[in-house]
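In this document, chain identifiers A, B, C, D, E and F correspond to the written order of the chains, with residue numbering beginning at 1 in each.
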Amino acid sequence: MKLITAVIKPFKLDDVKAALETFGVKGLTVSEASGYGRQKGHTEVYRGAEYKVDLVPKLRVEILVDDDDADDVIDVVVKAAQTGKIGDGKVWSVPVETVIRVRTGETGAEAL
Amino acid sequence: MKIDTGATAWMLAASALVLLMTPGLAFFYGGMTRAKSVLNMMMMSFVSIVTVTIAWVLYGHAFAFGTNGNSTLNKVIGGVKEIGLQSLINSTQPTGTGDKTAIPSLVFSMFQLTFAIITVALISGAIADRTKFGAWVVFTFAWATLVYFPVAHWVWGGGWLSQLGIEDFAGGTVVHVNAGAAGLALAFVLGKRKGWPKEPMRPHNLGYTLLGVGLLWFGWFGFNAGSEVGVDGTTALAFMNTQIATAVAAGSWIVVEKLRDGHATTLGCASGAVAGLVAITPACAFIDPWAAMLLGVVVGAVCAYAVGLKYKLGFDDSLDVVGVHLVGGALGALSLGILARYATAGTAQGQGLLYGHHGFKQLGLQALGPVAIGLYSFCMAWVIGKIIDKTIGFRIEEEEEVAGIDIAVHAESAYDLAPSHGGGALAAASVAAASQAKVEAEA
Amino acid sequence: MKIDTGATAWMLAASALVLLMTPGLAFFYGGMTRAKSVLNMMMMSFVSIVTVTIAWVLYGHAFAFGTNGNSTLNKVIGGVKEIGLQSLINSTQPTGTGDKTAIPSLVFSMFQLTFAIITVALISGAIADRTKFGAWVVFTFAWATLVYFPVAHWVWGGGWLSQLGIEDFAGGTVVHVNAGAAGLALAFVLGKRKGWPKEPMRPHNLGYTLLGVGLLWFGWFGFNAGSEVGVDGTTALAFMNTQIATAVAAGSWIVVEKLRDGHATTLGCASGAVAGLVAITPACAFIDPWAAMLLGVVVGAVCAYAVGLKYKLGFDDSLDVVGVHLVGGALGALSLGILARYATAGTAQGQGLLYGHHGFKQLGLQALGPVAIGLYSFCMAWVIGKIIDKTIGFRIEEEEEVAGIDIAVHAESAYDLAPSHGGGALAAASVAAASQAKVEAEA
Amino acid sequence: MKIDTGATAWMLAASALVLLMTPGLAFFYGGMTRAKSVLNMMMMSFVSIVTVTIAWVLYGHAFAFGTNGNSTLNKVIGGVKEIGLQSLINSTQPTGTGDKTAIPSLVFSMFQLTFAIITVALISGAIADRTKFGAWVVFTFAWATLVYFPVAHWVWGGGWLSQLGIEDFAGGTVVHVNAGAAGLALAFVLGKRKGWPKEPMRPHNLGYTLLGVGLLWFGWFGFNAGSEVGVDGTTALAFMNTQIATAVAAGSWIVVEKLRDGHATTLGCASGAVAGLVAITPACAFIDPWAAMLLGVVVGAVCAYAVGLKYKLGFDDSLDVVGVHLVGGALGALSLGILARYATAGTAQGQGLLYGHHGFKQLGLQALGPVAIGLYSFCMAWVIGKIIDKTIGFRIEEEEEVAGIDIAVHAESAYDLAPSHGGGALAAASVAAASQAKVEAEA
Amino acid sequence: MKLITAVIKPFKLDDVKAALETFGVKGLTVSEASGYGRQKGHTEVYRGAEYKVDLVPKLRVEILVDDDDADDVIDVVVKAAQTGKIGDGKVWSVPVETVIRVRTGETGAEAL
Amino acid sequence: MKLITAVIKPFKLDDVKAALETFGVKGLTVSEASGYGRQKGHTEVYRGAEYKVDLVPKLRVEILVDDDDADDVIDVVVKAAQTGKIGDGKVWSVPVETVIRVRTGETGAEAL
């Protein structure tokens, strides 16, 4: 089992979800995040005082997958999330030891 | 009678002010609910404007302020001539200033309508987060018809309570005791919210609550000083006393909090202000400024404790309609029996214990008012509520309550504030505008 | 003429009330946009106050309500004497009550100014999320000058439409049809928002929208009942009818929703109220309460469907200026041709089909008003819009639209609510107050 | 004297309008703080309503507007007869229109009370995020008593400044310079916020700020046009000029921003409007519309720069009370020395340089007012502040400041908006309603 | 050391916290998340236009534990979070190399 | 590759970012979180009813780094985030199998 985490541009979520669904992945977990990197943030002005906001809104998507699917899923996500512009984000994978479905107690591939 | 344009100008402004109180109440209440039920809470107020306006035009004004030519029947209910308000066009209504001037009858009707609206809306605070919207709509029609219109007639329309000599300048009993008692009844009919009182249900947006208080306070000047139906020294006294009691009660409540809980809270300040507004309502035109101050101190402190009663007695009066409106309204009405000095100018009629020759009688009357109206309203609301509950059902499903009534009942959520790509990535980005086809098909 | 202090008091209050409607509109509209464009939406309203006030003082009042001594020219435009408003100081304006009293001319001017402001602001709802701020500023000046001032003159300043006998008590055509048609034109000029209608663009803060409706409703009493320019039975009727039609239309809209979509929504209730306010505007002083009720039922239902038209026809009238203001305003104006009873007291002049001897003629006139004004406004707005678009550009860059217009155009974001260490850790903690140096350097 | 119901109607409405300004200010200020201190900011405004009302009833009215029969003493302070306001019941106060009519004295008192309240509340903007609540309560009593009541007497109650011939129609010096100078003093007494100016402290909710501006603008019509205490052409002029200067100043500020920073901001527009309202306050009834426009241009631009001064001079006037109210108020007062034309109808009394025969004298007087009042207020506020600081302490602990004053001082947090299961899973779900027992025990 | 991550229904947090405390776990970190899976979202309606919101609010709980406790803790969490209805969530564990307590610099089991 | 996760006090983010930048780390991802541990939350009071809020606002910072840099980066973060008071948070590291830059598809160290 692997945990694939993707940090993506928020407006790409729909594309990623659709691509994963097509591939056959049925579930994922998303959370709001902010990214700092090559992509610059923006400047805000309040009564003449300028504020540099250098964090950029991102979404953080987590997908649990079978070992065999891991590479394909990464591929799918990368393709769906790509705009080609700076700030498209990162995808990484981490080995997972156990996965359990809370509702049933099923473990492993069954739990997905 | 000659129209006094000045008096009319004030009554027009006052009508607009009192109407604004209901949206104000929507925010006062809405801020106190959880984020998942704020829209439903506000909608209960807004829809009261809708239903009570319709009932008022059709028959409400007639029942409350009409005459039926039968003096016995007229003790309990108005007439029918004013149905549809058609007969009020181009007719006038004497001002309350005794100078033989008038205002257009429709202005008086509009002013009174706004009272009926907010009284009904006030009740909704007792049943936050769990009420079927359709059932609430039915209840507002039924309760306005069977309770508010008759009770307004009893006290202000020449009915039996006013004939007894009970004083209620702007609605301590007609509005607040009345709504509070109905709220209590509905709290029993609907039962506790799932998780109450173990689960925390703290206010989700105190800014809204403060906004509500600001608008209520502002509008209440129309409510109280407008109740003179004219412009004179009494109007001025009612206005000033409203300000005094409200400010003092807000202060009194937060002093109690500071001493008892260690913190003066925003919600306490807001609640104290409303308690003060409630209590001064029946009394504002009849008492001296120092008495308004005294009333403010007492009601602020009493209500600060009264809102804790529900935990002791175990009923889920969610936003404290009982602790603030029933208790505050009764206290204000009662205070007249002691403090009233100007009830009817130049005579001892209606004066309280401190001034009148028949003080104890007035005190008795002032106790009778809240008791009679409170009981009537409680019983009727309970019966109406039970009937609704047994027929169409008054309460939403438990699952809907847990998930949130806004989405379950109104198919909306109040906030979508996430900054990511604007408009809530987690929600919006994953949303599909599925309905254009449907809209087109039906349009 | 002698100043009637009562009438003046009401008109002062009414002016303040109508002015408040524009901030109210800012919230009504602002709540419906996405979180990334709420500030820009509100700024389009607020800056309309700025630009229209300037234009009004300089020449707007003169063009709309001045006389130029040439009766032919005066059919289409006012005069120049009132430029700068200097000539209005210490002059008076007769009230509308026919009793030979007056109000100060500057009060009348102020009252009318507030109408001009909100009419311009209304248009902005059609072009949410994508409009260059500078271009909007230019548009407000141009459209107010070339459309609103003349049109107000045509209907209220003694121009050709009023000479024909068209009735519009408080602005169903001058304000709502006028703004709605301009909104439609701009929706075409600017084109659809990126992603519309596929991407969801749901309201980000319905509390703001409800607040807006509350303030609009409150202010609208000044709008409608103030349009009598005086205090009498007509003022009272206008006030009451405003309340009736608004409440009923709100109810009507949510009944349609409940039947069609299964849910009575907050936004539906709010939209229905506005539709009711719009439709009753031209008619409020001329029809009976039952007719106001009927009008409310009709306009609530019609507009509930009309807002779906844009999906069918494919124009992105973002916040439904067309569906609510153009449709509602035209419906209200038209309704006069049938329902008007009191158009000119004591005569058949202006009465509708149901009452007047020349009913069909009036119905025709009432159809002519919206058509003439709607066409004129649409064409002019389109031309002005195109010119702006070809010169300075009317629309922001696509990237700015995706990232959010608030940050791109105003360098601000509306909310920073995160609780962590107060004031949004994710944003604030990562911010550097880079500008002190700059500020100092420039101060 | 005969009561003019029209004038009274307007003054009742105006009193309600001005009272609403303080909740409006709470939102204007509250939106500019960080999310962790919004409730405290708002509470400083709301509690000012409480404390100043109490002080006003007890002795404020007497000190400011009473007479003491000693003409020398009366130059500096009023009397004692009005203590408790009892003597005002059924008494009247001449209107400002010179037509021998009156309004009830309590209406005048109420109107003036609302001025005292907002003046005190304005000060709080200088000391956001870091003020002990109890200390602020004490300060409001002390400053109102020792500064506001006497100063109001000097200018409006027949005291020495008015005897000198200084003009201040609605409070440019009494309200704005006065509050601004006190704010400056407290900014010194309390010192900078932790992290200021390095750490960013940007507004957390600009919607609130715009709401505040909307309510302030609306209420300010009562403030300025109500200061005529009656209804006539002067009232109308004051009303119109208020609108003109405010709109123009809002425009002027954002033009400066656009040229200087590249963006026209929402906060700039809001700030410009307030600056315009402040500056026109002393002048509104005395100058021509074109002069109001000029004043708007100047004050919008000057204040847009003045708010940057604090960075240069290094004092943390958190929400720019000095840059907007002190600077704007002084500018408005001064402008009278040049532009005033109608100061006392028909005479050269009080006219400015452009019109009066004694123009330079009036200009000098108009400079004296802000200087005298500003110095007095600054010194007294500093002394009161220091005494409070040395005794009960004026500032919260550093840790409380970092964690957020709302939780530390009021034990509340403003927002709990998280959608998960409604009402903030992260907060609410992990909360235990620990206190029922406590509440019960104490109830 | 293991990192146990649980995606649960928000109103179950109190139960999970209580159960963990009973077991002896002293700390955890929570964040808001949204889940997509078998559990359906809901529909919203604005002026007659329907929007399908298919993400469901969840909480994401992270617990660092000693290797020996991992299985027990997973068990405790699963039991406490279970309602038996669709959407109860997942629990998974990942191997952790180092843990440090920022305050003291302690590492490993001491850092928990 | 390692994924270093730090749960820190929110007002320390600027210091952490600055320290990382000095060290040479160019990117990170942040999200809002709430912590439960030795540090106590606070009490809120509404109409006399007390609510104990025992979760404390934290930020969760994720940094992907090369294996060689991992220990140093952990060090840098711990130092920058330290106040010495209870509640300073935890830092932990987890082995990562792949990292991909979405924009370019680069993997491994190149992707950072």
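Methods note: contacts are C-beta pairs under 8 Å (C-beta built on N, C-alpha and C of every residue); 3 or more make two chains touch, one makes a residue touch a chain.
Keep in mind that what you see is a predicted model, and the values were worked out from it rather than measured.
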item	value
Fitted rotation between subunit B and its twin subunit C in degrees, CA, nearest 5	120
Subunit D against subunit C, contact positions shared by both copies (same if over half, else different)	different
Pair joined by the larger number of C-beta contacts - B-E, A-D	B-E
Rounded Å distance between subunit C and subunit F, as computed from the means of their C-alpha atoms	50
Interchain centroid distance [CA atoms averaged], subunit A/subunit F, Å	18
Centroid spacing, where centroids are CA-atom means, of subunit A and subunit C in whole angstrom	45
Overlap residues in subunit D, where contacts from two or more other chains coincide	4-7, 9-10, 13, 200, 202-203, 205, 211, 215, 260-263, 265, 267, 305, 308, 311, 402-403, 411-413, 415, 417-419, 421, 426-427, 430-433, 436, 439, 442
Junction residues of subunit E - those touching two or more other chains	11, 17, 30-32, 34, 36, 44-46, 48-51, 55, 58, 94-95
Of all residues in subunit A, those that touch subunit F in their complex	2, 6-8, 31-38, 55, 58, 60, 74, 77-78, 81-95
Residue ranges of subunit B in contact with subunit C within the complex	3-10, 12-13, 15-16, 19-20, 23-24, 26-27, 30, 38-39, 42-43, 46-47, 49-51, 53-54, 57, 84-86, 89-90, 103-107, 109-110, 113, 133-134, 205, 208, 211, 215, 409-412, 414-419, 421-424, 428, 431-433, 436, 439-440, 442-443
Subunit C residues touching subunit B - in the complex, by the definition given at the top	4-7, 9-10, 13, 17, 34-37, 197-207, 210-211, 213-215, 217-218, 221-222, 225, 230-233, 235-237, 239-240, 243-244, 247-248, 250-251, 254, 258, 260-267, 269-270, 273, 288-290, 293, 305, 308-309, 311-312, 402-404, 413, 415, 417, 427
Subunit F to subunit A touching residues, read off their complex	1, 3, 17, 26-32, 64, 94-103, 105, 111
Of all residues in subunit B, those that touch subunit F in their complex	200, 202-203, 257, 260-263, 265, 267-268, 271, 304-305, 307-308, 311, 320
